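One structure, pasted below without further comment.
Here the chain labels run A, B, C and D in written order, and each chain numbers its own residues starting at 1.
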Amino acid sequence: MQTYTPSEIMITSSARAMAGERVVFVGVGLPNIACNLARRTVAPDLELIYESGVFGARPARLPLSIGDAALFSGAISACSMADLFMNYLQGGLIEVAFLGAAQIDRFGNLNSTVIGDYRQPKIRLPGSGGACEIAIHARKILIIMPLSKRAFVEELDFVTSPGHLDGQPGARQKAGMPGSGPQRVITDKAIFDFGGEIPEMRLISVHPGVAVEEVQAEVSWPLNIAPQLAETAPPSAEELRIIRQHLDPARIYRLDADKRG
Amino acid sequence: MRQAIAEYVHDGDSIAIEGFTAFICFSAAHEIIRQRRRNLTLCRMTPDLIYDQMVAAGCASKLVFSYLGNPGVGSLHCIRRAVEKNVPNPLELEEYSHFGMVSRYLAGAARLPFFPLRSYYSADLAQANPRIRFIQNPYGDEQLAAVPALNPDVAILHAQRCDQEGNTQLWGLIGMQKEVAFAARHVIVVVEEIVAEEVIRSDPNRTLIPHMIVDAVVHQPRGAHPSYVQGYYDRDNQFYVEWDRISRDRSAVENWLDEWVYSLDDGRAYLDRLEAGEADIWERLAPGEAYSQPVNYGIYG
Amino acid sequence: MRQAIAEYVHDGDSIAIEGFTAFICFSAAHEIIRQRRRNLTLCRMTPDLIYDQMVAAGCASKLVFSYLGNPGVGSLHCIRRAVEKNVPNPLELEEYSHFGMVSRYLAGAARLPFFPLRSYYSADLAQANPRIRFIQNPYGDEQLAAVPALNPDVAILHAQRCDQEGNTQLWGLIGMQKEVAFAARHVIVVVEEIVAEEVIRSDPNRTLIPHMIVDAVVHQPRGAHPSYVQGYYDRDNQFYVEWDRISRDRSAVENWLDEWVYSLDDGRAYLDRLEAGEADIWERLAPGEAYSQPVNYGIYG
Amino acid sequence: MQTYTPSEIMITSSARAMAGERVVFVGVGLPNIACNLARRTVAPDLELIYESGVFGARPARLPLSIGDAALFSGAISACSMADLFMNYLQGGLIEVAFLGAAQIDRFGNLNSTVIGDYRQPKIRLPGSGGACEIAIHARKILIIMPLSKRAFVEELDFVTSPGHLDGQPGARQKAGMPGSGPQRVITDKAIFDFGGEIPEMRLISVHPGVAVEEVQAEVSWPLNIAPQLAETAPPSAEELRIIRQHLDPARIYRLDADKRG
């Protein structure tokens, strides 16, 4: 078996979670690589939509940002951001979207706004951008975050992007949110779903060589573990070949993520 | 540019230099810094490096925004210093999501007092920002969020081309340029090329900003550097990365502002300095050619 | 076309064959008449000749609209007969202004339950149509009008070109085609040309209707006759004037429907018949050439 | 002095009422000809905007409808109808607009919807189209209608386009309407303004050869006559030359109007 890096197994796990999907809302970095991998493997019809208003992009290089000029030249469609947010996202066309954040709680609510008090923050983070509405409207949310106790917290300092709220079944619908919320949390050590009796983060798979205790050590609440805990299937040789030869040959995003992870 | 900024941008004004990743008119921002405007309310979905520089230069007292980041690189350190440490001065934040800002511009353009959107349910932003409100759907029992119209005093919008009158065409990442132009009380358009009216007339669907809302036209080629203009030049990503380093250190920022803004007369001097430092910069950023296939509008008559 | 109509247009559906003066897909209307659909709710800002014909043929039980006229010519006599005399059957009217219909499509496209607009103050339309309501501005004490979202079961939209997948580009009088497409549950796109994907990709800003909302693509050149398609053919104004005469007389209308719709197999047969009657019709309606100047999107990578 | 037709004096009177204006919302027919005449005479900067979404048109023929293809080829701008109604009209960019109708009352309220009861109409008219919002938003409204007792009525069967409402000063602002409402009614026999103490139709000018009694005979209410009643200046030779040689050489609209008038 080939060796692989933590970011590579995050990429392959994310790609596989998109099997059969057709329309994904994507940012730069790992999600972008994961989507392109999915398109070449488990989701051949997958359409990548960027919040900058473009889809059907055929970039001649790895995009440097979600507004990269390379995404526009030769794309199928480039629309205004009003159209993008109103007609595509709020319009219900986005089947799956990726989010990350600085903090996540057990119900998949996300914070990317501040650490500390909102008015007098210890660390001012970027804020919502598109995340709040992506979390509300995309039919499914996949979350990619490296596992860390600082990030997987009991209580968020700020709710930027609503997940399953207080964990009451049906809470999202009651609050008026069309999307079904977070489906997976994909980390560098393990994968979680929200498939238990209540929509709470549940460990369903640990990556090869990772013990459950290592996962628990990086999560602030007592783990909910699925009855049939699996070992994550490692990246296949073909997946690694596509990632390394085609999707990120310069290791721009994999390196970065590996340093963080 | 000097004249346009002097005439339309005043201390205390709210201004929007928009453009999502693309079309960011740094040359206008530098002129505003040079003219030492103060107490501006800076509106932009993504403050980006451009407002990081303006905040560092002390031009701003308030930021209206939806995402604070150096896109693809990291944090905006000058703005963080202002927010976290009140340096060089306190900076009030009025924060939305992207869709919230988009909706504010839409309402502003249409002279609606607000715009409805399905958002902010159970999110803390509506608590943090009391201007986000909720309204009743008159056709059902659900609630919708509302954001108020945003009508900046001045919008400065970069584009590929316009005619002498200011009829402006842009392509690529059109973002919110059109809506911001209609929302603003005054509009300054900055373009790569001023073209003959016949060029504009050959493709009327591409005209997004009409002359009747344009107060000033500035011809400032490469005036969006280090951001990009589709088909004219690429983003100078080296500078975006370098700014991450410079902006971490307040005195480095001050030196940079001295060197690249205060000590220069205008946008032309900025380009001269860029080219002096890197003779083939425009070759490095040259995009090559990929032309749209023409469409026939026909002749009727 | 036959298959697309059979699959997506059912008795009792609400449909929108849109296009303001231009891009009016008569070939789809004729196919619906031929397939003898009944109890349709017909939505269109300007019912025009196309719904006059469908109402005369007994397809419709309701009209949702904002202007009842034969543009530049006069009245829509068949619709007036239905409204004034219940011939051939009663026709319910749900009436708005243009801006009201535009707003309904905007709300429908954005999946908002309603859209706010400054209108209907002291006008009788809000009394005549209880679906027009008033809401409170949450930022002031004024009232705004609201209209409910319009989400037709099927939209049929004519355009110049699309690719095999249905990514559709149009130019000229783009009207509400984009919003109607996003608002509808099913979309049938009818085009003059199916082009290579590379043609679409050469100008992504012109793609107004994306393939993911398109259910069926129909290649039906000249399928919008007697209306026009910018750059492809002119409006056949002779027919608009002639219809004024035909439509005043119910039996003349029935003869016309027999001759031009029921007795013909499809849109191709309609064109054959047109050309048999006037060999040089397409020369008469040919628009000549006035091409857009290409723009450079650049190659980045 | 040259002879002229009733429609020609309506055209020249309308054109003169646009002196110095810059942005006009225009339909086909007489208003279109009047606007083009104004641009060549009293309003050289006049921009014609059509509700089909086009401005800066340079049609190679007289447009057959407001959506004529000739208006789009070679125009300065062609936008969606959403942009047109939201950003141009509601956005307050339209300085002056023309309206006509089947009925008008003394306060300039207009009916173009039905004659008779709305649910069981004697005559079903076209309805609002853009008229209702044009009447509300354009800064000034000019009304062109042939004078006739059937049209100049005591009470409208239906208010399609609000004018000065019940004639109370400030009634429009109180109702929330940004535009200042009807300024002139230009007919084939006379011209009215709304410049009295209350915004009521007031006869300010009769066309040459028309007696006040002839005007009163075609108006259902007792005329309010301005203290300085003028005689309308007839079309000048130059105006007639422009109309006849350039604007409507085939007499498409003038003929039509003259038959009605």
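Annotations
The rule we apply is simple: a residue touches a chain if its C-beta (ideal position, glycine included) is under 8 Å from a C-beta of that chain, and two chains touch if they have at least 3 such contacts.
Note that the structure is a prediction, hence the values are computed from the model and not measured.
Annotation: A-B is the more contact-rich of the chain pairs A-B and B-D, by number of C-beta pairs in contact.
In this assembly, the C-alpha centroid of chain A lies 28 Å from the C-alpha centroid of chain B. Between the Cα centres of chain A and chain C there is a gap of 41 Å. Chain A and chain D have centres, each the mean of its CA atoms, that are 58 Å apart. Residue positions of chain C touching 2 or more other chains: 111-112, 117-118, 142, 171-172, 174, 178-179, 202, 205, 230-231, 234, 287, 290, 297-300.
Of all residues in chain D, those touching 2 or more other chains are 54, 68-69, 72-74, 78-79, 86, 90, 178, listed in ascending order.
By the contact rule set out at the top, the touching chain pairs are A-B, A-C, B-C, B-D, C-D. Interface of chain A with chain B (complex): residues 28, 51-54, 64-69, 72-74, 78-82, 85-86, 89-90, 113, 118, 121-133, 136-137, 158-162, 165, 175-178. Residue ranges on chain B touching chain C, taken from their complex, read 111-118, 133-140, 142, 144, 146, 148, 160, 169, 171-172, 174, 199, 202-203, 205-206, 230-232, 234, 287-300. Of all residues in chain C, only 109-112, 167, 178-179, 182, 197, 200-202, 204-205, 207, 210-213, 297-301 touch chain A in the complex they form. The touching residues of chain A, counted against chain C in their complex, run 22-23, 47, 54-56, 58-61, 68-70, 72-79, 83, 86-87, 90-93, 178. Across the complex, chain A is touched by residues 20-22, 45-46, 65-69, 71-72, 75, 79-80, 83-84, 95-100, 102-103, 105-106, 117-125, 128, 142-143, 171-176, 178-179, 228, 230-231, 234-235, 237, 287, 290 of chain B.
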